[in-house]
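After the structure tokens below, expect a handful of questions from me.
The first chain written gets the first letter, and so on, giving A, B, C and D; residue counts start at 1 in each chain.
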Amino acid sequence: MASKQDGVWIKLQHIPREILYFLIIISMIVPLLRPMGLPITISPQTRSLFDSLNTLEPADVMLEFVDWSAGSMSFHQPGCIAVSFQAVKRGAKLVFLSTSTEGPLMYELMLEKFQSVFDEADYVYGEDYVYLGYVAGEETARAAIASDIRTAFSSDYYGTSLDEIPLMQRVHNYADYSMIISYTMGSPESFVRQFNTQYGVITHIHCGEMMTPTILPFWASGQITGLLNGGVGAAEMEVLVKRPGDAVKLTDVYSFSNILVFVFLIIGNIGFIMQRRKGE
Amino acid sequence: MIIASGKVVDFIALILIWAVAAVFVWIVGGKRFTIRRMVAIDVIEEAVGRAVETEKAVVMNIGGGGLLRGEYAPATMAGLTVLGYVAGLTARLGADLIAPMYSDGGVETIPVATELIRDAYMAEGEVERFDAEEMIPFLPVQASVMALADRVRPAANIMVGYYWHESCIWAEAFGRIGAIQVGGTTNLYQIPFFAGACDYVLIGEEVYPISAYISKDPKLIATIVGQDAFKWIAAILIILGTILVSFGNQWLTQFLSM
Amino acid sequence: MISTDPSIWVMAFFTIAITSLAFRDNPLAKFAEHTFLAAQAGNLITMAWRNIRSIGLQPLMKGSMTMLIPLLFGVALYTRYSKRYIWVSRYPTAMMVGIGTGVTVRAFVEFQFIQQIIDTFKPLNSFNNIFFVATVVICLTYFIYSLTPKSPALEKPMSYVTRLGRYLMMIAFGASMANTVITRVGQYAGRIMFLLYDWLGLG
Amino acid sequence: MIGQWFLKIPSLNELATSVQQWGIIIAAFAMGLGSVNIIIRNVHRIQKREGTDWLYAIWLLAIFFLFAIVGIGFGSASSQYRYIFNTILQPLSATMYPATLFFLVSAIYRTFKTRTVEGGLFVIVGAIILVANAPVMAATFPFLVSVKSWIMDVELTAAYRAILLGIGLGAIMLGFRVIFGLETTHLGREEET
């Protein structure tokens, strides 16, 4: 009898990986076609970002680093839209820029969805918001932007000189930035180093959940003010600004696929333990 | 005041840390210090031994960080040291070594690695077994890792260097075929895959002492000793500060924020 | 309704081709991967050129001669392909490493050392705080390799402490791994959304 | 650079700012190095004519030049460039990294095993967080949320803080080695490439 049971365990350890992949894809498709709309709890990290955004005054300038690549568009784009929406609501001026190569095109894709918000709020390009394009050099570039934005950019993305842009005429260096937010899958620490540590600018980060653990210590110590935790954080932000969108849709996907992965982990390990017990 | 406010202690600390390092490197020297036993070395030896027994190969990879960028170079260099060590072991014990290199990241390490492996085989008098074409295949794209794992089916897979998303592909591909795995990277958010899939994982900057341990380079050991001194200082500061704060005394906090 | 836009079909094809790689190494996936490498490199060149032109060449045209220095250094990087002039590329490389290190390292003392130590000063009035401080110290001692007590009486407890540190870090890595799952799911779900909504026209 | 950080000397500040700008320009040039490598390697592959391999190489070069020529000729803000980017690079880039999910799932099932105490802790905590990350479970069993937030905010933050302290010191030491020339052996080596 025991051997029959063991046979099951061994079989459970050798499910072909194609089946696993198929199941995980199904677990993502079903909730996307049949959304459930589960309640979303707001984490303290997201809450502190939201509270910080609400301190923005109409003349304040906020730097938004559009640093995501197509890979993380699914949650960075909704996150950026939700944050920018709140900033626009507060009347803050937005300066978008990129230090990652796919950034410019990601900005334009984001703008397609966001233009209507700008129009509604009577935001004029060049006066209320501006996009500066890409600058090479990663952390060196971030340092340059903090100390003098004109060393990194001489014109905006569309070729207009910075001095001819009304908004940029009063934006020069760290003293003019009220806060910065970076949407990144690269190196979130470098923004904190160059903006917060160096000049004390309020720094927010939106990165993937996988990187959150590595920067949580900086959030705990207050070096990062607001921390959006990937897709979960983006969904929380959408709920907070009362504009549910793509990130909220993703929430249901997490339910299914996470439980499925959990089941894989347990099956794999029970099989392993049973097999080892038999081996002893 | 010439020093920016809020940075006084930082400035002094930087000078102090460097001064202590300089003392260890140039005055005390690293020779009189030993690095505690590193389990990873035992695991690597055991893995190569297993490869010899089963007549399978050993795969060693150093990631795609390259040597050009400051952030990634130290990990790649540590990886190169380990590569030299593994090459020495395989040359001596008689296992086949395969050290795949990325062709789309950190290409500047390829000649360095080739040189290193040749030297290792030369030192063991096994230079006729060195064959660059066989030993150092280029992976045109990272995902051909899977194909490599299926083709070679090595007994051991050692990964030390700087890894990004591909860490997971490596760990999975070689874990599936049951190879003994040793992994180490300084990219914090990739450590978990190595931690889960490897028989032994080098956590973060643990890759540096291992290369000092292998190379026995006194200067390298000296910098490790310098760092250790400040880790003790950090630990003592934390304990001291915690005790002070518990009694409501903010003196140390204020002093350090100066 | 399924999309009739050819570019959506191309996008869908590439999405599926790359995904198929996870199942098996195949020519389609190889084709898609090559396309990816090429397009990425092309994009890099495009972006780099914009940069060089806007902050290097344009100021030079306007007469700021100091811009010649970085431009020449930049061109010098390419001497690495010539066996004879390879030594020239050493200078821009050294300069790049130097600037990069300078920009980063100056922040580290405050950013990742002093500030982090200050925030660990927690009053020992709750279990969480005691546990927190103890964990930081125990894990930190794991990373001490050379200046460890040599006397046999201390060596043994020390080895227990370092092992405990390893266990504590493993717990953190387990949590971190689970977080990675959610990131990857979120990213890939974006592709599924594209395939379902934009390509197949469902939902 | 380090001087600019700590000291308030105007002339030093200006120098540091322009050096930063130089750094950006050199970095932009360095981005082309990879492309030169790609061209050299693939021309080589075409010359070798092994199997079907050279066909891929031709295709690769064609796409590369398509992007480079459109990008430099029309500019990256042009609609032409946007079109090729959005149809070709965007879906590829968007799938390349997320597809790691499948490897991750397979690794979780097959290789993340409770071999040792370490592995056991890893798997157990991983399992708890996986469940807690599923909103459905978090809504049904609220205690999971508090377990998760304890692990994340206390355990994990403390453990990672220790690791970060170590890495921070390592980086400071690296700066020491670069500035005082202990790192030259590797720089010298690299020039041999």
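In the analysis below, contacts are C-beta pairs under 8 Å (C-beta built on N, C-alpha and C of every residue); 3 or more make two chains touch, one makes a residue touch a chain.
Being a predicted model, the structure only gives us computed values, none of them experimental.
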Legend entry - Per Cα centroids, the chain farthest from subunit A: B
Inset, instruction - Express in whole angstrom the distance between the two chain centres, defined as the mean CA positions of subunit A and subunit D. - result: 15
Inset, instruction - Go ahead and note the Å separation of the Cα centroids belonging to subunit A and subunit B. - result: 30
Inset, instruction - Would you kindly tell me how far, in whole Å, the mean C-alpha position of subunit D lies from that of subunit C? - result: 3
Legend entry - Where subunit B touches two or more other chains, by residue: 7, 10-11, 14, 17, 68, 70-71, 73, 104, 176, 188-189, 192-193, 195-196, 203-205, 231, 234
Legend entry - Two or more partner chains touched - positions in subunit D: 2, 4-6, 18, 20-21, 23-25, 27-28, 30-31, 34, 38, 75-76, 85-86, 89-98, 100-106, 108, 110, 112, 118-119, 122-123, 126-127, 130, 133, 152, 156-157, 160-161, 163-167, 169, 172, 174, 178, 190, 192-193
Inset, instruction - Find every residue in subunit A that makes contact with two or more other chains and list them. - result: 17, 21, 71-73, 101-102, 104, 133-136, 140, 143, 151-152, 198, 210, 213-214, 217, 220, 232, 254, 258, 261
Inset, instruction - Have a look at which chains touch which and call the overall pattern line, ring, star, complete or other. - result: complete
Inset, instruction - Flag every residue of subunit B that touches subunit A in the complex, lowest number first. - result: 71, 176, 188-189
Legend entry - Touch list for subunit A against partner subunit C, complex: 17-18, 21, 25, 28-29, 32-33, 71-75, 101-102, 104, 133-136, 139-140, 143, 151-155, 189-190, 192-194, 197-198, 208-210, 212-214, 217-218, 220-223, 230-232, 246, 249-250, 253-254, 257-258, 261
Inset, instruction - Name, in rising order, each residue of subunit D that touches subunit B in their complex. - result: 2, 5-9, 30, 34, 37-38, 41, 97, 100, 103-104, 106-108, 110-112, 115, 118-119, 122-123, 126, 160, 163-167, 169-170, 172-174, 176-178, 180, 182, 186, 189-190, 192-193
Inset, instruction - Spell out the part of subunit B that touches subunit D in their complex, as residue ranges. - result: 2-4, 7, 10-11, 14, 17-18, 21-22, 25, 67-68, 70, 73-74, 77, 103-104, 107-108, 110-112, 115, 165-166, 168-169, 171-173, 175-176, 186, 188, 192-193, 195-197, 199, 203-205, 208, 219, 223, 226-227, 230-231, 234
Inset, instruction - Note which residues of subunit D are touching subunit A in the complex, please. - result: 4-5, 13, 16-18, 20-21, 23-25, 27-28, 31, 75-77, 82, 85-86, 89-98, 101-102, 105-106, 108-110, 112-114, 123, 126-127, 130-131, 133-139, 145, 149, 152-153, 156-157, 160-161, 164
